[in-house]
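What follows is a set of structures for review.
Here come two complexes built around chain A, the first alongside chain B, the second alongside chain C.
This part shows the complex of A and B:
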């Protein structure tokens, strides 16, 4: 049986047969590929990597993704080159039934592998922490009392998620509530994200902002829009039937255009704002009917915080 | 040392004494699947009535949130009826009342052929086959849901399904895959092979093992029945308060997931004790096959993580039925609590789904490289490292949630640390391939595919661990592509490697290698062409679980959908090969087709009852390929007294004499 067959040693002990230096060959294959890949990633691909550079946090995320891609590519190419080389060079030829050399390990190789991976990992952890700090939370939800925040007085925008709609309140402009998300260019924005019903997630894709909307939680995220233009808002936490249709569009405008818009919207919605509950960081479910009444008056539809049967609405 | 196998009468598993068996009852009176179904039906009716009786002040509204109690009690009593119908309680009750436990089942089942697979069998090899077939059925069912999801995503705005049907499909696919595939490898290969690989005649707890299997069809059917109750709209994660407010379909989710949690606790418990206590003499920890190491690590994760899931599901059930408020924010509960509980289970769960894959490929590559495993201790350390670290990373799923934001650097670090032990698995593979004699068999192809896919899955995971990058990637198709690369590309490819490698052992038949190669290449190509573009889709801003998306992403989504259908086709090739080879062609495979040193290959295929005629004495490690003078892996027929001597401390000396 095979156990016995395996026990029979190959006639010649593996006494380091002279052959090509496989390690060097693999290295020489890997090096140009890794260099080219990194250059392509950094120069060609980098400026187009998501989520773009529309805001401070988006640019920060693009940079992070770029750096990690530059680190990941050589690692990946090394593993793939190695396997590719092995499969071609070390496949068993027809008629060869011998076993390979009995190598049980090599402590130098193992130690250097562990050292290299540890260095990369520790670098990434430090890098990520620094990036998180200097980008003032990197556009991610930081809970009610953020420790990383921009100085000065950011524009406060409350994002209220409900099934299946986002609405926005501007407390510094009388607390009006609207379905339009308009932001000024060049000004830090503090999104206060909360929910009236279930967990949603406010994702302003081009702005690089993502913060979960939890009922009863004021989840704050910061960003600074750097360019004017439109952006997409999507709900990125499964929140029920029409989660897939829970999206809208926002825009970044110049500071003066924003002031004009805010002032006029404030006037326009004054009657609605009066019957809204006063601005608060979170809303008790008992005020939801009141909010709904005001929203109905302003012509804002949605599930109004209630779960409704599947056939309604037919189309969002 | 001759290897000959002489079946001998052994003490049956479960402490049954060999001896006079009871006169056989007619088949329809013996507990089997039909009595189980009857028990389940009776149990459901009783439970439903009881729920209505207890909750009679609730309104009865179909598809509303007001009549959960009858559903939940119906399911729970149906499960009790199901396992009672299988005869799970018979022997324990007999033992409790001091009556002798009959041996009937052993003899009957050995002769009964197919029938034993439909019964509560205490033979770990029968349970392994039951698991194997069950898992393939569950996997294909859940895969069909994925096909339906991809069909809907062919168009950004035109809908094949209503939004309610779509979320049902998403929930069913995700939950079925995540909960049932936990046992994809531990069930079939763990239960079947671990005792043989460690030189044991049996597992430690055959009743617990068998029960763990028989809970899976119950969990599967309960989850499936959710469709009749309108499904559940919250995916596999079941975040409160959505899961509290959802209609009765959510009861199926919570009961089924909790049940599966119990099943994997039981399965893991049995494996742990078996590996620790039932190793043959000479099977030192340093000789344990890598696959056994991975089963042990997975089982530890199962036993420690799944109780949290069971608790979470229980809280969901009580929140939904008797209005406790674990997760209701306005009543003093917290929806964050659920997220914490879920991911405290959920992250170890993803390693429950990854480690078995590492184990299978690490087991297979030395055989087809014809070399010892490179860095055996490193590989074991890698698995232990992953196991330990996986309990310290769960909050990376909550980076944007606003929960505990100041600790994000910590969880970023722990998450990235996991890539060190995971990297060791790759080091081991690469060292093993160094100057190897690689044989491109079908199992080896799948193992190579696993290393390729998991490389992409693992590296994309590092992107997700970085908080700023995660802000864009979280909740998008990027994450979805990432974990499909690790689970489908890792676990399923490794599972396929295991099937092609071990099925000749487990069933004693050959699997068609040509169809196997076609299966591999189609699966490998279409898997990558399905999931690689999804990284781009996610980075382009498409959230998970949506049925409407930006119209400029239609081309790439269509590409993905068509690839996914082809991927489904490649699984169909596998199913055809499996059925053709095991049912129709049935070409015998008796020897050691792979010239493997694994202990499981030193016995007949399929192994005889009791696995070994005598307890073997393990003489050397399982990967000593090409080692001059390496002793055979075990002495299967050790001289009398050597096993007893093993316990006094001189195993190998006596055996080599």
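This part shows the complex of A and C:
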């Protein structure tokens, strides 16, 4: 081999034509769509998201849903944009039988993806935890031992589940019991939810309140109605044959209207209030068996329906 | 396996499936208590009156569950007692109810339901005596209730006294009982209105609310309003 041949550089590979910057293209497509989607979610759709803004807790839940939707929309739009871009730009053309270009790792893309998604997930974890704990949050003012309580003296309303009707007691108004749920606007309310038989669940939809009604348990939920109007109450725990019919309607009225209603209802129901058991956070389910036993001792026959011990023969 | 055997096997399997479907259709979907019709000859929404007569018994000896408490409805056409809790009434009419309470007493789990609501005047008559509240915890005085939640109708059913020897064969035609009468107006539009008993009288069942309390034809049913 000659010296000249040794010194000659190798023939240069033909320069590949500079391709479009796909990343920039996708970004420029995604950015305006994501901004528009977030604005639509926050401004147009957000105020109509369930459960509305009838109470403090409902408004708080709506805010949480709006925040999560605003964060989720750009992610979903990015996936859809990338998907659409790939379908259009990288599709196999007619007569093209070659393999596509080899895939290579891109540390910048990978690091960006991991960083962004981690930040979003961690933010949502922190946000969700804080929102559960703060006032009006779903986890704060609810449960047998709420970790948060509103200041002042909230209106106490006991919700009593029984197959297949909710009744409501107002201990601060003489302990009357009624099938009507009436609440005052702008006043903190403490629901004390319990059951006399099976497990029910008190769901005041527009108030953003849902609490299980378990026999022997005082389940507490706080809310502050912010607007007057009607709301729906449903049982959200399958509780027997007529579970589907276990619903009614509540009302939020002005404070003065509430006081008038409570005072007149107290008088109207005075006779039945006198025969109710004294107000308690829960009611002993063995009261009826005790009465039945006393009657049985006296030789009184009857249907004798009551809480039966587990060894009792016929269980549903 | 030979061809005839395979065909026969397939045929048997096919017939078994069809037979099962027919059985489910007839026994569960189309079966059930009859509906007593109180609309014959009555124009809806005219304030006309219909009379419905029922009884509640300590047992139901004409059913496959003889130990279950049960309501019966008196047929408006034959006058016979029918084992059902389904009936039809005209819309916008006054229903005059007479219920014969043959069953013994059981306290209400919630004494609140001892209050009469939803009847005309919020009153019932027990053996002719006007009553608007019965305290079921104060003595042997309530057997069941007749309640239509959607119409806010709640009627505690008075029971025979302490020493009564209850009727033992259904439908009861004799024996100690209380006669409860009341009236209420039906809505002006059509609809199905469920009714139930609020005394936990499903003896032997968890919470007393199983068995007859959850079975149409015994202690719960439906009032169909026809416009």
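Everything below uses one rule, namely that the second predicted complex is superposed on the first by the 242 of 316 C-alpha atoms of A that agree within 3 Å, B and C clash if a C-alpha of one lies under 4 Å from a C-alpha of the other, contacts with A are read in each partner's own complex, and residues count from 1 in each chain.
Please note the rule applied: a residue touches a chain if its C-beta (ideal position, glycine included) is under 8 Å from a C-beta of that chain, and two chains touch if they have at least 3 such contacts.
Just so it is clear, the model here is predicted, and its values are computed rather than measured.
By the document's definition of touching, of the two partners only chain C reaches A:167; chain B does not. Shared-chain residue A:76: touches chain B; no touch with chain C. Within the superposed three-chain model, A:241 lies in touch with chain B and with chain C [touch as defined at top]. Look at A:179: by the touch rule set out above, it reaches chain C but stays clear of chain B. With both complexes placed on chain A, chain A has more residues touched by B than by the other of chain B and chain C. By the touch criterion defined above, A:196 reaches chain C but does not reach chain B. Look at A:205: by the touch rule set out above, it reaches chain B but stays clear of chain C.
Judged by the touch definition given at the top, the superposed model places A:280 against neither chain B nor chain C. When the shared chain is aligned, no partner comes close enough to touch A:31: not chain B, not chain C.
In the superposition on the C-alpha atoms of chain A, the part of chain A touched by chain B in one complex and by chain C in the other spans residues 197-198, 240-242, 245, 285, 307. Put simply, chain A touches chain C in their complex at residues 160, 162-165, 167, 177, 179, 196-198, 240-242, 245, 269, 271-272, 275-277, 285, 287-288, 291-292, 295, 298-308, 312-316.
The part of chain A that touches chain B in the complex is made up of residues 1-7, 9-10, 13-14, 22, 49-51, 57-58, 60-61, 64-65, 68-69, 72, 75-76, 79-80, 82-83, 86-87, 90-92, 96, 98-106, 109-110, 113-114, 117-118, 121, 124-125, 127-129, 131-132, 135, 137-144, 146-147, 193, 197-199, 201, 203, 205, 208-212, 214-217, 219-221, 232, 234-245, 247, 284-285, 307, 309-311. Remark: chain C residues 58, 69, 103-112, 114-115, 132-133, 135, 137-138, 140, 143-144, 149-150, 152, 159, 162, 166, 194, 196, 198-211, 213-215, 220 touch chain A in the complex. Note for the complex: chain B touches chain A at residues 3, 63, 65, 162-164, 166-167, 170, 230, 233-235, 237, 239, 241-242, 245-246, 329-330, 335-336, 369-372, 374-378, 398-406, 408-409, 412-413, 416-417, 419-420, 423-424, 426-427, 430-431, 433-440, 448, 451-452, 455-456, 459, 462-463, 465-472, 474-476, 539-541, 543-550, 591-592, 595-597, 601-602, 624-634.
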